[in-house]
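Below is the structure I would like to discuss, written out as C-alpha cells.
The first chain written gets the first letter, and so on, giving A, B, C and D; residue counts start at 1 in each chain.
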Amino acid sequence: MAGVTARRSRASAAALTAGGPAAAGLDGTTGVGRLLVQGPDRPGIVSAVSAVLTRHGANIVSLRQHSTDTVGGQFAQRTVFALPDLAAARPALAADLDREIAGGLGLRWSLHDTAHRKRVAIFASRTDHCLLDLLWRWRRRELPIDVTTVVANHPDLAAEVEPFGIPFVHVPVTGDKSEAEAEHLRLLAGRVDLVVLARYMQIVSAGFLQRLGAPVINIHHSFLPAFIGAGPYAKAKDRGVKLVGATAHYVTEDLDEGPIIEQDVVRVSHTDTVQDLVQKGADVERAVLSRAVRWHCEDRIVVDGNQTVVFGR
Amino acid sequence: MAGVTARRSRASAAALTAGGPAAAGLDGTTGVGRLLVQGPDRPGIVSAVSAVLTRHGANIVSLRQHSTDTVGGQFAQRTVFALPDLAAARPALAADLDREIAGGLGLRWSLHDTAHRKRVAIFASRTDHCLLDLLWRWRRRELPIDVTTVVANHPDLAAEVEPFGIPFVHVPVTGDKSEAEAEHLRLLAGRVDLVVLARYMQIVSAGFLQRLGAPVINIHHSFLPAFIGAGPYAKAKDRGVKLVGATAHYVTEDLDEGPIIEQDVVRVSHTDTVQDLVQKGADVERAVLSRAVRWHCEDRIVVDGNQTVVFGR
Amino acid sequence: MAGVTARRSRASAAALTAGGPAAAGLDGTTGVGRLLVQGPDRPGIVSAVSAVLTRHGANIVSLRQHSTDTVGGQFAQRTVFALPDLAAARPALAADLDREIAGGLGLRWSLHDTAHRKRVAIFASRTDHCLLDLLWRWRRRELPIDVTTVVANHPDLAAEVEPFGIPFVHVPVTGDKSEAEAEHLRLLAGRVDLVVLARYMQIVSAGFLQRLGAPVINIHHSFLPAFIGAGPYAKAKDRGVKLVGATAHYVTEDLDEGPIIEQDVVRVSHTDTVQDLVQKGADVERAVLSRAVRWHCEDRIVVDGNQTVVFGR
Amino acid sequence: MAGVTARRSRASAAALTAGGPAAAGLDGTTGVGRLLVQGPDRPGIVSAVSAVLTRHGANIVSLRQHSTDTVGGQFAQRTVFALPDLAAARPALAADLDREIAGGLGLRWSLHDTAHRKRVAIFASRTDHCLLDLLWRWRRRELPIDVTTVVANHPDLAAEVEPFGIPFVHVPVTGDKSEAEAEHLRLLAGRVDLVVLARYMQIVSAGFLQRLGAPVINIHHSFLPAFIGAGPYAKAKDRGVKLVGATAHYVTEDLDEGPIIEQDVVRVSHTDTVQDLVQKGADVERAVLSRAVRWHCEDRIVVDGNQTVVFGR
C-alpha cells in the first residue's frame, strides 16, 4: 500500500506533463482541462466553444477539430486549456457548456481534469509482454494513469507483477464464465475508468460490458480484419503473409469487431516459424496497446459509430 | 499551349479537393480559405480568430493550433474555412484581421484562397526521379499547384518533360553562375510562388534568394544533419550505416542548413553498393520532396526560426 | 521500333549489373548464372551443388539457402555464380545437374543466364501509377527485364505509354472475356516469360493461365487476406483501419489467393477519405509491385505450395 | 544463486531454438554449430567449406555468403550445421579447417557451438529501458545468452534488477575512471564473451578494451553520424529534425565511431519537446540494442574494417 501511495504522488507530476508542451510549466494552482465535443456539424461550433472557454478565463493551449464533411457531417473537437483553479471553476463552466453547447448546438461534451488520472485495471493471462510494458511505462510516468489492479485468470504472472506494487488478483475462469465475471464486477464496477485486456485471451460478455460501466480496450494479435479469431499467427504463417500486425480496439459485443484505435505491423519472411511470428508480433502488440491506452487516457479519442477519431499531437 | 490550358482547367477541380474532406462537396460559389496566424502566444487568440471568421460568415472546417509553451511561447494556427464568395468578402475580412489579429494581438497572418493555386517552377539537372514524380502527381491532380516551368542546367531531360506540356528551359550554368541566375530571375521573378530544386545540384546564391521573392524548397539526398554536402551516398557506404535517408528543407543562405520540412529513410545493408544506395535513396527522395511540396502548397507549414511547424491532417 | 532497339542495347548493361555486387565488374566474356534448387531436404545438398559448380569452373558469388526444418523439411537454394563463356558451358553443366542434383538427390533445378533478360508483358486498365512505375524503372535500368508489350482493356493510357517506345495494344474486354483472352494468347503465348497485371482489374481464367505458359503477377490493393475482392479501400474506410496496404502475388485460379510475394502498408487516419486512401495506397501499390517484379526477374523467388521463399540480398 | 541456476537450465532449451528453424527439432545428442569464415575472396571457397563440413558428417541447415566484389573482394560466410556429438567431433573438424581453410585458402574462421551460450555482462547507469528490455528478453528466452552480471555506476536500478536473479554490482565512477575500470576487469576479464553498454553513459578507455578481451556493444541515442557525442536529443530538437534514431555499434577507441550493427528511427514532430524525444527515442534504443545483441550472439556479424556484415535469416 505504501508503495502504491508513493507511486501515486510521483505520478501526479506525470499527469500534468503527459499532455506534452500543452501542460508544461504549470504551477500547482493552475489546472489543465480537456474538453471533448462531438455531434452533428453546423457553422460556428469552434467559435462558440472557444468563446465559452475564454469567457471563463481559460487559455486554449491546444485545439484540434475534425468534420467528416463540409456540410452535414459529424463534428468532433478536442480542446486543451489552462485555467487557474479548474476544480472551483468547473460547475459554472459545465453549466454554460450544457446550455450553449449541448442545448444550443445539440452537441455532446465531456470535460476531463488532468489532475484526476484515469483508474485502470489490467486483465492478463499467461503472457507477460503487454502487461509488463504497461506497468513499466506507468512506473516511468509515461502513462497518465493509476493502475489499480491486475486481474488474471492464471496465477503465472504474480511474481512478475509483485515488484510494481500493484495488487494481483487471480480469478480463475472455468467453463461457465459468469462466476468469474461476477467477481470482476465486484472488484471493479464503479472503481475503474478503463479496463485493458492485455492478451487476456477470454471473451467478455455483453452483460459484463454493460454492468462494468467503463470502456474496455483489447489487443488483438493480428492486423484486423485479417485473421480474426483464434490462432492468428498460425493462420498468418499458413497464408504466407510478409507482414504481421496487431490491433488495439474498443471491445463491443462482437468479437474483434469494435472500433479500431491503433494498428501496426512488422516485416516477416519465409524463414520465420510460427514461434518467430509470435515473438516478433509480441513487440508490435505491446507497442500498439500502450499507444492506445495512452491516447485513451489523454482523452484523444472520440468514437464515431464503429470508427475512432484519434486526435494526435 | 493548348495542352497547358487543358491541364489548367482540369487542375481547377483538383485544387478544391486537395484539402481532403475540408474542401469536399463545395459548389462553385463557395470559396475555401486557409488562414495562417503566428506570433507570441497570449490567452484568447483562438477565440479571437474564430470570432472574426464567424462574424464574416465563415464556417471553420478544420483548425489546428500549436503553442511552444503554456506561457510565453510561440503560437501558430492553421484554420480552413468555407465562405460563400470568398473573393468578394476578402477585403473586409483582411481589414478586420489587420485590426484585431495583427494590431490587437501582435500576430502575423496570411490568407490563402484555394481557388488560386500556387505557381511552381521546378529546377532539375540530369536525374529524373524527383522531377517526374512531381510532374506525375501534378498530372494526377494530387498536387494543388500550377507547374509553370521546368528549368534545367543540362538539356538531358527535355524529352521526358515534353509529354507533360510544360515549358522546358535550358539555362546552362558555367563557372560564374551570376549569368544563369540573372536569366532565372528574368524568367521567374514575380511569376512564381515557389521554386522547387528537384536534385538541381547547384548552390543558389543569397542574392538570388532575395531577388526571387518566393520560397525555395530543396531535396538533400541524406538524412540531415548526417552527410551534409556532396556525395552523401558514398559517405554513407563508407560509414557503414544501416539506413539512408532524404531531407526536404527550405533553402537559406547556409547550404543544407535551412528549416527541415520532411525526412524519411530506407533500410540498406552490407550487400548494397553505392549505386544501390543511390537507387534506393531515389525512392525516398522523390517521396519526401513530393510530400514537402504538397504541404507547402496546402499552406500547412509555418516557419519558426530554423524549425518548421507542419500542420498535419 | 528504333526506340525499342535502342532501349534493348542500353538494357543489356543493366542486366549484368542488376544483381548488385554479385554481377559487377564483369567483362563481356564472363557469364553470370543463377541456379535455383528446391525439393525434399537431406544432408549434403549444399556441398553437392557447390561441387558441381566448382567442377565446371564457376565461382560462387552469392549463395542463400533455406530449409523449412532441420530434418525432413523442404530445401531451397539460390546460387549466383560467375563462369567464363556460360553459354558454351551450359549443356555439360545441365547434364551434371540432371544426373547429380535431380537424379541423385531428387531435387528440381532451374538455371538462368543473366544475359537473357526476362520478356515481360504488362497488363493495365485506366490507372497509370503501377504501369508508369514499372516503365520508368525499366527505362532507368533498375529492372533487368525487356518490356515487350503493354496490353490494356481501355485506350486511356496510350499517350502515357508512347514516350517509352513500347507497343501499346488495346484489347477491349466485353461480357464474354474469352475473345479477349484468345487475343492475349495470340499476342503473348511463347513470347513472354512473365505477365504483370498492373491494376488490370480483370480476373483471368484458369484456361488462360494454363495456355499462357508463363507466371502472372498481380497487385491487389489491400493487405491480403484483409479486404479480399473488389473495393478494398472503401471497405477499409468503412472498417476504420489505421493502415492500408497492398499485396503482390502470383495469380492462381483462386482470386486473391495465390502465393504472396510482397506486402507493405502506409498509415492513414480518420481524416482520410476513401479518395485519400486510394491516393496513399497507390504509392504503396507501385512500390510493392515493382519490388515483386524485380525479385521474380532476379530469380529470387521459389514457390513452395501456397507460400514463397524470397531470397534477399 | 538457485535462481540463476534455474534460469540457466531453462535457457538451455532456448539456446537450441534461438536460431529459428535451423536449430529446431533437435534431440539432445545432436549439436548445432555455426561457422564464420572471412578473408580475401577467391574461387572455390563455398565448395571447400561445405566439403569439409560434409566430410565430417555435418548437415548444412543454413548458409549465407557475401563477397564485396566479383573479383578481388572480401569474402564472408556464415554456415549453420547439425552434427551428432559436435563436441567430440570438434577437434578433428578444427584441424581440417586450419589446414584447408586457413592454410589452404588464407581465410580466418571461428566455430561456435550453440550449446555454449555467450556470457554477457550488461553495464547500465540510471535509465532502465535498455537494461530491462535485455533482461526481459533473456527471461522470455528470446536471447541465446547467459547474463552473468549487471554493472552500474549508480545504485538506482538495483531494485529493478533484483527480480531477475542477476548479480547487480555497483561500481562508482569518479573523476579518474581507472579505478573503476580496474574493478570491472577484476570482475569480468576472462569471464564474459560480450559486454553490453545499455545507456552506460561513460566512455571506456582503449586500455580497458584491450585488457577485457571481449567485444563491447554500445547503444548511441542518435542516428549516427548525426548528433555524435553528448545530448543528441537536445541537438535534434534544436535542428528541427523529423525523425530521431538510435545506433548500436561495436565500441572502438574512437567515441561513436565503431562499426555500426543496427540503426532505426521513429517519427517526431514540432509538437514533441526534448523530453518527448527522449521518451520516443527510448523505444527505438531498446529495440535496436536488443537486435544487435541477438545478432552478435547468434554469430551473425562479421566485422570488415569499420563496417559490419550482418547475415540475416
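The criterion applied here is as follows: a residue touches a chain if its C-beta (ideal position, glycine included) is under 8 Å from a C-beta of that chain, and two chains touch if they have at least 3 such contacts.
As the structure is a computational prediction, the values presented were derived from the model and not from experiment.
S.K.: Hop distance check: chain B to chain C, minimum number of steps through touching chains?
M.R.: Minimum number of steps from chain B to chain C: 1.
S.K.: Which one of the chains is farthest from chain A, going by Cα centres?
M.R.: Here the answer is chain C, farthest from chain A.
S.K.: Centroid from C-alpha atoms only, then distance chain A to chain D, rounded to Å. What do you get?
M.R.: 37
S.K.: Would you mind pulling out the distance in Å between where the CA atoms of chain B average out and where those of chain D do?
M.R.: A distance of 44 Å separates the two centres.
S.K.: For chain D, give me the residues that contact two or more of the other chains.
M.R.: Chain D, residues with two or more chain partners: 21, 24, 66, 269, 271, 312.
S.K.: Quick check on the complex: what are the chain B residues that touch chain C?
M.R.: Listed in rising order, the residues are 17, 20-21, 24, 128-129, 132, 136, 140, 142, 159-160, 162-163, 269, 271-273, 275-276, 279, 283, 287, 313.
S.K.: Enumerate the contact residues on chain B facing chain D in the complex.
M.R.: Chain B residues touching chain D: 66, 223-227, 239-243, 245, 259-265, 269-271, 304, 306-310, 312.
S.K.: Over in the complex, which chain D residues touch chain C? Could you list them?
M.R.: 21-26, 43-47, 50-51, 53-54, 58-71, 73, 82, 312
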